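What follows are several structures.
Common to both upcoming complexes is chain A, partnered first by chain B, then by chain C.
On to the complex of A and B.
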């Protein structure tokens, strides 16, 4: 009887411990996954900068001022129109939908002002370009950054 | 091996250049508006701006004033030099929609913060003026007519130069421009060819966060007269017969050739997280007595709710009569000259305000539908923003517009 009681209590304790561990691991995985999904603005080491302010990123991506803090010309890269990351990027950066961004650019393009960022189809293409051309900056998901290339320099993190 | 290293470097560099220029091949883009509108009054025709010879009236739906189609080609020759050409089909002074070349210039960006453009350029006379044909770029169905109505210049042949620098925690841009216009417009009866008129101006922009502030100054020295014949000859003849200097002065007031019109404007835009607000004011001063000095302003607020952005705006436009008289006696045959002079001097009179309510629906990333209602309330002498005013015109009309704007 005493043995069975002990066994039951031990079993319950073990289940509780496992359950707590499962919940902890799940939360860690969830939070880790959430963190990995954050958007980051990256460039190559050859660009020679370590950080950009949000205002810098806005000015570069909206075509107002495309010069990096070290005076190098900034060459922003955009993702394809249909990509989720592009929607997320502009929403987090300036709180605008893609329709609003397109409207913004239509004013600048058709009034003969500056041109929109170059468009590439994938983060892999963007990273290749970033390594190849100093001054190029792009936005990727942190997970991709970790998985694809650790030589990239994160110059700005774009949180929720 | 010794040859391979430089060869590899050369390949890498050429690849860089190739990638830099990859996005730069010749690009064709376009924009347009398919729109219908109706104006309730049968006593005057509503127009979009002073460049349009015909308007809409009598409650009849028409695609005349808002429908526009434009195409643009950008050719990036090098990383620093771009060629741009744009043609637009819209209702013009001659009642036709023959496409006109609105841009044709070379842009040189020696550095990322400087730009020099040479060729046919947009007339950047007021904030948003050089993009007012691109409906998709705007919240409203058309630019507020009370504000942009008197501005018939869309482009000029010349040069502009701009520089942008960080300043006071934001960005400051300074631009100067100069050249000659190549445009024609129309008044109540006659085409006014302003080709060859000298234009120049300065623009100062300041951005900080969601705010943009713009100060503009531009001036035009007209190369040709607005034809109001035979009135000047009649006034001069009458002045000679009666020995009246005031009649000669009245005739001089009708001359626009070699007179200068100056445009002053201020604009503020706030745009963040779905809230758009614009406030602008302008004053236009004319040396020519024939053209009335005017001031105008508007405020517009819109707030995005999903794909819909309802908006409301209020605008006003008022000009000042010159108060000139001929001094001729009010007896035949001089009374008819007085009447004609008074009518001509009132051709550019505006005294009205407009309440605008509408909504924009971004149905797709590059297509937007808009519905808009404008309640225009002016006095019976407010005739400049209209065509074909009748004797019973009371300055009031309601304009309902449904437009589809797109870019491609």
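On to the complex of A and C.
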């Protein structure tokens, strides 16, 4: 059992490394082709907070705390698995790939009480949920946000 | 064959101690090793457990981190449960933010498990639990909690104990196996073969050389070699025994041989200790030492025999014992006196046996001893007279002068017969021998008791007077004896009885027992001889006593002898010349050469002293040659000056014939170119009294060669007129004693007159010696004496003064108022 565990971990580490390199390369290609937009963490004004620290964001999105600094329950919203923005978000937030994030969650989901953030298919859906339920926070691209909705409060900017 | 001692109990054998030894070593090694095994096992097990648990902790660390990160108690519980499945773990706890997220604990079997654990293990146990920090999955630097694990030490310890137990059991099993195999190996490879060999040895008979078989399978092992060695030793032993038996046999034979020798030897053989006690002796011995003396008691002693001097045998014993180490044999002869007065000489040889006892052989040497005594008696005896000879005398004198025994004083009388040589010559040796026998008889008649007499030379006798000396009137007796000795001897010669008168001289020396210590036999004889010489030089037929001055005089003479020898070499002897004058013409016709010696310290030494000395010590021959040579030299000088003088030289009896042979004189004349009438020879009557024929021949040869021969000192000796007839003489020289009193003594005058007359009738020249006064001269001239010499004319002068002296004499004579 021990041996197998060790092997798995080793394998995980290898895969992780390769994957990270691969992503890095594709991102470099991508950014060379397109103009890069910042990711921002937004919430509604009704939530009542104007800013969050990076630790706050990590704690909320990775299931550590379920409350905002103002004691309001925190409701993070995640994007669809295949979306480019999700990948970008986690990479920039904790430096991990989606596979790693999924592995993390899978352990929690499998035997624990903690649940991952709710998944919505699009940024529009996310924004709608943010507006509808106070305490909801989500991540969107800045460009979209400034064009679409002025009511959203940017609580954290996730730069490069 | 098997002695009960040989059987030993099993615990006394090799097996038990070896097994016990192996057991002790094994127990010790086992104990020590079990301790270390236990130590190392528990240590290892502990480390292993910690490593295992740490690994397990690390395995679940990431999951636990996630659980802690999300405060997910369920996930944490899962992790804890998973860990608790490991039996080594007692408790697992996950903490986060100071709160316990999940915890599980195994129920303990005993409440004080940890305490017991500590005492059981005997080692320091990690009471502390293992703890790992939990970090945030997204930030490695942020610690969000801990996972704490408490190992179940009791469980680990019980596993350790189990392992130790197993190992020890294994060790024990090994030991038992080793012990058993050692025992088996000992039994089969050592003990059984040894037992076999031992049994065979017990039943073997080594003296017969029986060989022991090598146990099967041990042909090449040490056991086999041992058996081989035993066999070879047995062989050697058998050989040695055989050899020993052979030697023993030979020894017995030798013993038997020696026993026979011992029993049947003609020599006596004995073994005695140092006190003379006889251990064993053979029949010959008891017979030789006259059995009865030796074996009359149970403890026979050699010294008990009838020895004349047992103490001498004892000293031989001491000597032999002292020579023990030298291994030498000491031998001596001893006299045994029998009961009936018979004697037996036994020679005893002793050899020390080294243990304080002595082995001796005894032989009868009576015959040899008697011969020896006889021979010794003969050796010390003069065959002619039956008196002792010189050797016998010396023995007696030595015995009486040497040694510690108190001596009696005695006198030594040395007698010499004067003119005995003439008797031998004129009457023959048998008569001489008869005379000697008579002398011996007279001596024998004189001596008494322990007195002793010997003949030590032709006519020399020595008397050792001891008892005689003790008499009161020794001097009278001596004088009487001397008178008796010189009484005429009546000798029977063929057809007649001749009466011979013999004079004797004697010297007497005394040995005073107390004051003459250190005077030995030779010195005593020398004293007597010196006294004799004094008597003889006093004219003979008398005796003289020795006086210490004689020794001084003798010493004096000896020195003069030495000096004389020296003088011959350095030329301090020279010739003086006394002119001989023709009394009728008043001219010098020649000279008598007289030898002179100026001693470096004593001054002038008279020829009367040194010539007899020279004769005694044999220097006369050389002196004679010196005189001849010098005389010839001087005459040849005179003749060279046309002075027809001659020189006369004195020749003593001892020089005739060999010391100065006629040929030497003639050749000396020839060498100097002198006619024979240049030299005249003066001889004394003593020459004529010696060996007549020899003297006659000598003189005849000279006369025939033309030399003149004068008879010197005429009138003092026998002056036998027959000499003048028998010998070829040319002149007689009248002794100066007659001339001295010529004027006063009418007898002398008559005598001289007779001599002159007689000489004339025999046509001999006459030379008067000692002419000292004009009166002498005139009387001699009246008598018709032709020649003279003396102080009236001149004493002897040295050669270089002679010519002057001659002139002086002739002038003085010419001036004398006598008709020439």
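Quick note on the criterion: the second predicted complex is superposed on the first by the 124 of 160 C-alpha atoms of A that agree within 3 Å, B and C clash if a C-alpha of one lies under 4 Å from a C-alpha of the other, contacts with A are read in each partner's own complex, and residues count from 1 in each chain.
Keep in mind that, in the parts below, contacts are C-beta pairs under 8 Å (C-beta built on N, C-alpha and C of every residue); 3 or more make two chains touch, one makes a residue touch a chain.
These figures come from a predicted structure and were not determined experimentally.
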| item | value |
| --- | --- |
| Which of chain B and chain C A:53 touches, first, second, both or neither | neither |
| Contacts of A:81 with chain B and chain C, given as first, second, both or neither | first |
| When both partners are placed on the shared chain, which of chain B and chain C touches more of chain A | B |
| Partner chain in contact with A:107 - chain B first, chain C second, else both or neither | both |
| A:63 touches, of chain B and chain C: first, second, both or neither? | second |
| First (chain B), second (chain C), both or neither touched by A:94 | both |
| First (chain B), second (chain C), both or neither touched by A:119 | first |
| Overlapping contact positions on chain A, where the chain C interface meets the chain B interface | 64, 94-95, 104, 107-108, 111-112 |
| Residue ranges of chain A in contact with chain C within the complex | 2, 5-6, 9, 58, 62-64, 94-96, 104, 107-108, 111-114 |
| Residues of chain C defined as touching chain A within the complex | 55-56, 59, 62-63, 66-67, 69-75, 78, 137-139 |
| Residue ranges of chain B touching chain A (in the complex, touch as defined) | 12, 15-16, 19-20, 22-23, 29, 31, 70, 72, 74, 82, 84, 86, 103, 105, 107, 111-113, 117, 121-122, 128, 130-131, 133-134, 136-138, 164, 166, 171, 173, 207, 209, 272-274, 304, 307, 362, 364-366, 368, 407 |
| Complex contact set, residues of chain A against chain B | 55, 59, 64-67, 73-75, 81, 94-95, 97-100, 102-104, 106-112, 115, 118-119, 129, 132-133 |
